[in-house]
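Chain nomenclature is as follows: A, B and C, assigned in order of appearance, with residue numbering initiated at 1 for each chain independently.
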Amino acid sequence: MQVAYTPEEIAAIVSPQRTSGRTTEKIRDIASLKSAQPGDLSFLGTPKYRAEVAATRASLVLVPLDHVGEPQANQLFFFVEKPSVALARLCARIEQSLWPHPPAGVHPSAVIAPGARVSPQATVGPLCIVEDGAAIGAGTVLQANVFVGANASVGEQCWIQAGCIVASGCELRNRVRLQPGVVIGSDGFGYEFVNGRHEKIPQIGIVIVEDDVEIGANSTVDRARFSRTVVGEGTKIDNLVQVGHNVLIGKHCILCAQVGIAGSTTLEDYVVLGGQAGVGGHITLGKGTKGGGQAGIASDTAPGSYLNGTPAIPYMTERRLAILHQKLPELFKRVEFLESRLK
Amino acid sequence: MQVAYTPEEIAAIVSPQRTSGRTTEKIRDIASLKSAQPGDLSFLGTPKYRAEVAATRASLVLVPLDHVGEPQANQLFFFVEKPSVALARLCARIEQSLWPHPPAGVHPSAVIAPGARVSPQATVGPLCIVEDGAAIGAGTVLQANVFVGANASVGEQCWIQAGCIVASGCELRNRVRLQPGVVIGSDGFGYEFVNGRHEKIPQIGIVIVEDDVEIGANSTVDRARFSRTVVGEGTKIDNLVQVGHNVLIGKHCILCAQVGIAGSTTLEDYVVLGGQAGVGGHITLGKGTKGGGQAGIASDTAPGSYLNGTPAIPYMTERRLAILHQKLPELFKRVEFLESRLK
Amino acid sequence: MQVAYTPEEIAAIVSPQRTSGRTTEKIRDIASLKSAQPGDLSFLGTPKYRAEVAATRASLVLVPLDHVGEPQANQLFFFVEKPSVALARLCARIEQSLWPHPPAGVHPSAVIAPGARVSPQATVGPLCIVEDGAAIGAGTVLQANVFVGANASVGEQCWIQAGCIVASGCELRNRVRLQPGVVIGSDGFGYEFVNGRHEKIPQIGIVIVEDDVEIGANSTVDRARFSRTVVGEGTKIDNLVQVGHNVLIGKHCILCAQVGIAGSTTLEDYVVLGGQAGVGGHITLGKGTKGGGQAGIASDTAPGSYLNGTPAIPYMTERRLAILHQKLPELFKRVEFLESRLK
């Protein structure tokens, strides 16, 4: 952050219902109650940390309306309904000032094929490549070093960061955000074993990334063998995630970092997968299924399932079995004792 | 896909032994029996889905010679020996029409060092970099944004997609396919712990990728500490896979997505590793070893082993133990009952 | 390697205390005792391989002072105090000759914003992008295709390889080494669930990478929600590792390939995590904590802990339980027998 806000400017953004105390500091950063220094804004996001308010060195603290306690010297409290919402509003404002939407236009170093259609309201940054037949929509920004292959399309208001690759024929709809290094449309992993060699099965389908999807850095989404791989509307994918060919991800799913989904699997809406979870191929995870971190899910799940472990089983069962597993030394001793009694 | 084939054009490719029915549709896409719409071609790949043929909306269906049943209105059946082989042949043809081999030549935006040797039959796309002493063979395509470091070499008929990096001195042989974002020749991960700090051990070896290897998007293969890391002929590697320094991968292996192989390990020919499997360092997996998804293999394996779990043990044993693990609550109760009897 | 050293040149580098035998070969490569060929140098790094010295075909062998045995025909022994240290010294020399520090200056194809500050002692390679307000320090090399975002800074003597991305506002200190494809400063993964949709929480913090850090190929480090994500001095990170937002990694940690650290977690100094290990969010790993490969650590750890398994428990306990787990079939039989006795 390279910002400085007066308390008055922040009040204008978060609209406190009342205030207490005063500070001469300008606010230059945001920090947790514990780590804050003078010049920082902090906030009481959950009652759990209430005791930390009295000790924080933050110059400005967002506290809930019912908070009891007085600011220290050169410290200001803003009483707001929900400090976390007020903070989000402030952060959104800071985000805009840190990274204003760049002006439309194509950087002279970008390589745009004659048959590409780039909206005059789009921004194409340095060293981007847009191939023949590709389309870039209004309000979309290709940051830098982005490759959009032949006949691919990127919709409106998308934010495609440095080093992303959208391979031939793939389609990003609107307001899609790709973090740096994302690959959309790599070939699916399909071979036929013939005479001791793996013969490639052509992968001629595409990837469709629907509206309001965000995909994390260096994640990869394979194109379909034929037809399409789909990432559904509003789904959020973290870094280094692998999505196999012909996978159909529903709407509003959450895939944490390093998750892997094997080919032809369907995730219905609102599925949530913890970090490093793996999902086998050709199965369906029912609506709202949750998988724990590192879980290995190998078969269909009912809607609302919550699974853990490898192979994944219902979460509570897995937890109970894990506790019994830890009692194995005791169990072996008990059996030994029984045996000694029956000799 | 942006194609349209008449039934006659498809007949010319798949050579049906006989046909039944007729359709006025042009074929514009391929889909499973269940999801097909008018204008789609579908196929009966395995007898398991036979019942779906009668209900499919596909305009053209590839069925095996012994298939019993009649097409619906405006629907055409092609009877072929093996529908999956016929489909592969069709897909290969579509692939060619979608992505014809680009003409040879160097894009004016590419940066070719004076000492690089680029075959006049090679294609070097926009914003590629080929450094001094590097060589690019005939028929090879560097798609775009590809970096080939000093003294590295890429053989003939290779297909190196956007954003790939082949670091200094590394060697790709012939018909190697790299999906986007692959890194060949990053430094191996080696340090010596001296006076409380990790001192880097220089990594001065190379990577050799033999003929007909394919490597998936954003996968990484480290250069050797000295000597070479090898990916053997015909091996296929999926996305986001990590291959450590001095690893020797044999011929015709299959490494699914997110597999990791630690340093100095040898995989003999025909090893197959499921997604997210991990293999420890300095061990040897015997010929044809199979590891399940998420398996953690930490010691040598005999040829033909099939392992699962972490630490990996023989597959059937692991399955049996997993079942007994789920019976632990029952076992604890049984022991408790025995104890009550012996009080 | 494309080098050739005479035995005399190597003697000048490793300073043997005495020598035995002679060779007419120039040394062109380094190999293990077992795989070495004429023209190779090899070494006895650990007594374990002593027997292999007599059979090695290496032309030159580094052996410890107390080694007993004579070289074969056309073979030379160099007796040194620690062969592994002598080898490291030799490799460092070879590294310098293979990859000499490139001359300072900006490649004409690089895109440097007018407001960027690039040291005249820095090297900016082909097709690099340095945005407004960014700073590149003396002695630093941006190899090729590197993106340094607005207001980001790269310190002195850094080595940033092809395809790396340092996003806006992030800070690399001195002697930082990034292997190809690293992403520093992707957005943290944070959403608030509002009316059935995941609303993005702005991620306006930065990443700080301290002195002497090395990060492996295609690894990703997320920017903080606010404040900073930190990779501490001297820490070494392998390939395809994910570091979440607001993670604080201490000094001299080791993170092997494909490790994932969830958001807001702290690693104190000297933490070591094996390949594919996962660490949950909002926890603290005490100083010197070790986690095994594929371990899943979900709660705070005491300094010096050594953990294994998912969920991770103390290493020795985990090993003991794994052994008992394998005895479950026997235990079930023993209980059955007891039951039969008590019928």
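Convention: a residue touches a chain if its C-beta (ideal position, glycine included) is under 8 Å from a C-beta of that chain, and two chains touch if they have at least 3 such contacts.
Predicted, not measured: the structure shown is a model, and the values here were computed from it.
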Graph class of chain-chain contacts, one of line, ring, star, complete, other: complete
Interface numbering overlap (same over half, different under half) for chain A and chain C: different
Cα superposition of chain B on its sequence copy chain C - rotation in ° rounded to nearest 5: 120
Between chain A and chain C, centroid-to-centroid distance (C-alpha), Å: 26
Touching two or more other chains - residue numbers and ranges from chain A: 127, 145, 163, 181, 218, 240, 258, 276, 294, 310, 325, 331, 335, 338, 342
Residue ranges of chain A in contact with chain C within the complex: 1-2, 29-32, 35, 84, 88, 91-92, 94-95, 98-99, 107, 109, 126-127, 144-145, 161-163, 177, 179-181, 212, 214, 216-218, 234, 236, 238-240, 252, 254, 256-258, 275-276, 293-294, 309-310, 322, 325-326, 328-329, 331-332, 335, 338-339, 342
Complex contacts: residues of chain C adjacent to chain A: 111, 127, 129, 131, 145, 147, 149-151, 163, 165, 167-169, 181, 183, 186-187, 189, 191-192, 196-198, 200-206, 218, 220, 222, 225-227, 240, 242, 244, 258, 260, 262, 276, 278, 280, 294, 296, 298, 310-311, 313, 317, 320-321, 324-325, 327, 331, 334-335, 338, 341-342
